[in-house]
């Protein structure tokens, strides 16, 4: 038994250490100045991300469970709390980019301080303690993985608005063909969705429950940049009949003419990527679409978005893999023409569904501050599924529910078409 | 056969005339100045409402179907089109209250002009024409009924911000007791929801389809002002743990401390009504709540809001009636202690559900401009059910889906609790 | 002696009554709806103007000086106080157009109520009382004359934003030629400016004091629409080198391409006037210019604006007259080619000077609430001189200092060029 | 003759080099992150300042005068042009803090690149060339000195909003007494003001001209923090009668209760300084006041602000010196009780005058881009005189006109009282 515990602890320590290192690895290409900026309210400075995930372990593990733990600075509680009202007040979110201190070096020192204490905690925890500590550490690891993704989406946005269009890294992207679009039919009926409790999941994936589906079809792959360019060329951004009313309002107010990061240069489309400005790859999945753009495209194509239940049912049993963060590309690419079944379910782009982000029947968030993790965002957002090219592979699964506002588009968001069968 | 047609036409003429007169009757208590103002972007001037519903008949009936019809003023198309992009551009919505012309008298002349032409159209329509004209007239009548409700909610808001707190009418409100709260259990399972096609319905109520419900309980009546006041007194508006994140943001930004129209005067609660300022009636259903307030109350009460499918299933077969517009009270009141079953399902207050306003499976809006009626609003809003004290009785039914944004509260919106069984 | 007093009182009663009637006469062309609206924060509803000037007499005459005076409604103090903090709080200025009550009829009843009481006060005042009452009544009369002008500038703006472009009245405007521009030279030196104390003046015109002028030249007439159109045609609104930095910012932010009320229709310039839309009169003085436009034009013309001291010195001794409110045109027009000296000094358009609106040396506002009349606005505004086509003749004089913000242009504002000699 | 030129060039090189080094010296206490941030639109990142002053030399010296000069990056023209429309478009000013690149190191490399080229230019310039190059270099040096001051005021603001309140440096401030307030009388009359052409001056100080002054008195020293605290304690920020209307609006809108950087901690006043948070020094000149606060204080004290002509006339002949940048304190302090005449005319705090920033009679800006340096800001701002504790001594003189908007207060701005004699 103690052996099991030791194995468990060892596994946890390994996972913890690997996750912490992965985060820092993602920052390796950055210069100090890149850590500081916040180019719009929705994004956070890199510095804030790597401090906040540290604060998470400090707040939910070290303070309650490691006697004698000494915080490096009591004000970090205020600076690096994201939105946990049960913990205390928070520094103004849109102003995170106005802080030069603590410095990047100080934040790394904060990380090291917490890492040392975490190892003390984990290695000294009794079996009884581990029952409580273990799940919280696992949550902290998954939380940090979420911020690894956000760190990249945010630094992409932060660099993109710079007239110099600096690249994050020099990785070269493969140019492959995408397969022709095919359709997969499903009978519908009463199916089970939601997480079954084996392994880690977020509270919003539970409880597993029955859902009733009408017969439907789902596309074999996401919509490509080439297909989306046809929509743009067909006047997609000038025809109100294709848009939800709120979406059309945004198109007008923001002057949208194409997805985020597309630029028309000398008559051709270029896109800003973490590898810098590149010519549009027509075979790659279209990316950085808002919900209202995905919806408008589907209407133009005579199709619709899938519901999240349809998506999950179609994905059930499909192997997990694809262009995820481990590929190191950090940009959606075509997988090549060969392949069967539903392709690119995981990785490349988060796929918008037509489902609002709401509680599953019987959903109950945990008590206390961690109950604020997911549940309090259940209004006004839409569900996305499948992970993206900046999602770690160990982080994603078929039941995973991501969620963003209908006009958000700085995440790696695309779409897969569906239709009534 | 022609007899049938004549009867149909006669019925339609009667319904048309009655609806048009009802609208004007609602305006009887107003002075000219009241027709002009717009106290916030979401409301429209009374003058605009009574012109817009007229424009609807002109646009969708007279112009396409009455040869030789002459509009009174070609610019009315621009001024009184609400949001139909397929018809043409629209005058800026938040600026509707900046127009003194056309005058109220001119708008009434516009109404009379269109009414005369409508009678010519209806009385001269062939049976074949009636197949097309009839449904459009019915839609126009239902549309005007919606604006009768909006006209009252908007004039209530417009008068409320005036420091003089002018009353719309002098109607005295009955003060009755409400019954104690009871719970009604439902087994769940696969049930049918949506409109079955008999009689008029809006496109968003279709198609009728199966839905899967978990066992649930629903309250016998809406939450009362007295019950809600207990939530307020318990610090409901100061505890972030009770609120959705977006709701808490609104509470902070807007300084909300109670429902719209509640004022604390000399230590007691008063409410602004269309009958002027009145002492809070603790037995009346609580009203003018946003979704986030309804949700916060439910969380405080250890319950939840029903889904729209739960609400509709529970309401199926219940008799239609209650404190609707015909009562002339235009304010929610308690029905008295006696009564069985689910009470106040219809009338008094629209009841927030926890369902986002989205397309039913298989939903397809009609082609053309009328496809913009409902479908293009299917993002970011929540469904309400049951009608209110300003809804005409002939307008409401169990399948009716009303929808507003989560922070809206100038409609007559309340809530009925539900729970897992 | 008492005869003198009676004559004075009689004169005051005549002036009071004439002014009050003149205000109401200006409203004669309006329909009720016109009284209510407020098309931007800077303008006030007509209804508010005619109530506010009444409140002025009530507040500064009746309440302190007429024992037993009963206000019609105690809340009018809050609604119709413009900016006198010493009197009490004020209803939010940009929201004046959101009030339907008191109605127009009620406001006229308020006027009549105050008029009756004013006559009681004036006719019963002792000689001693008149020493205090008389100057305050005179101030109230001049105050009401200012609002006669604002009432017209505001209703012009309010009607102008209506797509129907309704005319205020049907007056036909004379089309005459303007004389060629000539220059009048002045030696400068030490001159006297400011009011000499004979007759009424506002506090900001005092004390009369010496000013030192360099030799200068001033134009014989204001700049005409034709001259200004040449500036527009020469790319005046597209060349930042012609503009003050703040002005260029406004041009960009507001999309200005011409003076307020100019519209390019089928290639030609039209202007909105109180007589409706008219073809641009090239000989009429250009009007509805902001300071920054006047300044940009002068720079383009290789000239400058006069200082207020230069203007006043040049105007000293010139006969008072011109196209003022009494002409009933309410639009600047050309005076014809014949005439000598500085023409159109009074009437037509207020003339921007390059002087900031600041205290004269030794300026001291009166104690109490009336000290707020002018003095507290002495920052951030520029001085205009000469009155306009909507200024009553008895209201204007050479020492009169009007003032507006550099970007304001809804007043009848034009310019007269000056230069160093 | 060539010797003279060589001396001139040598002096210019010395001045150039000293100024450039002084700028970099000011940055020595900063960490990389401090260079990046922009805590409000009015301030600029340190990185931007040190690049912009470099751009100034590149644009006005190297590009026109050094054949074969190669810019480091053509996009710097866009990024580091502040407001010279004649040069080209400019990167959005409020977004300067959103750029992580070029990095701080790259900006220093840019400085070094330009410095090398400048020395080549200066050392190779013929006498004829020097006639043109010399004045432009001198302007560039004075321009960089202005930005040395702004660099410090901006970094102070940037650090101040950080909850950690980081200090810029560890300099300890002397605590000395201030002398009692005395009054100096002046007769007024016709006096000369403006720069006489000997040595460098900005265009806005010319031409020297006569001005007419009334007899006046001026205070022997600026208002102290202790005196200002008495105004605060007397309810200065709660009494609208003391304020200009625009100022009172700002007090209400911004919630001002004291000067910028004052914080009430445990009942006592503390101030944020470049040496960190310090207890208020009652003897030091009050600082970080807007014009409207200085004006309100003067009204409360029964006095007024001086005009800029009064200030300059009073300062004429006074020795130049005081707590200027060279003292290295970067915070106003009391000079001690001993001393005669007008004290602290130079250094400590810029002194608000009641004069609007307008053109002197006969003012003509130079042709071309450099004409944009000062002239285009001549509306809506007020003049300040005397320099501050962050102004280099070689930069200030009696005729120097600084100017800011009436609500600005992040500069080292204070006041000296005046009165009519």
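Labels A, B, C and D are assigned to the chains in the order they are written; within every chain, residues are numbered from 1.
One rule holds for everything that comes next: a residue touches a chain if its C-beta (ideal position, glycine included) is under 8 Å from a C-beta of that chain, and two chains touch if they have at least 3 such contacts.
As the structure is a computational prediction, the values presented were derived from the model and not from experiment.
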What's the farthest chain from chain D if centres are computed as the mean of the Cα atoms? B
Rounded Å distance, chain A centre to chain D centre (Cα mean): 47
Compute the distance, rounded to whole Å, between the mean C-alpha positions of chain C and chain D. 38
List the centre-to-centre spacing of chain A and chain C in whole Å, with centres computed as mean CA coordinates. 60
Touching two or more other chains in chain C are residues none
So how do the chains connect up here, line, ring, star, complete, or something else (other)? ring
Could you list each pair of chains that touch, in label order? A-B, A-D, B-C, C-D
Interfacial residue positions of chain C with respect to chain B in the complex: 31-39, 47, 73, 75, 78-79, 91, 95, 97-104, 158-159, 161-164, 166
Note which residues of chain A are touching chain B in the complex, please. 83, 85-86, 190, 209-212, 214, 240-241, 243-248, 291-292, 295, 304, 354-356, 358-359, 361-362, 371-372, 376-380, 382, 406, 420
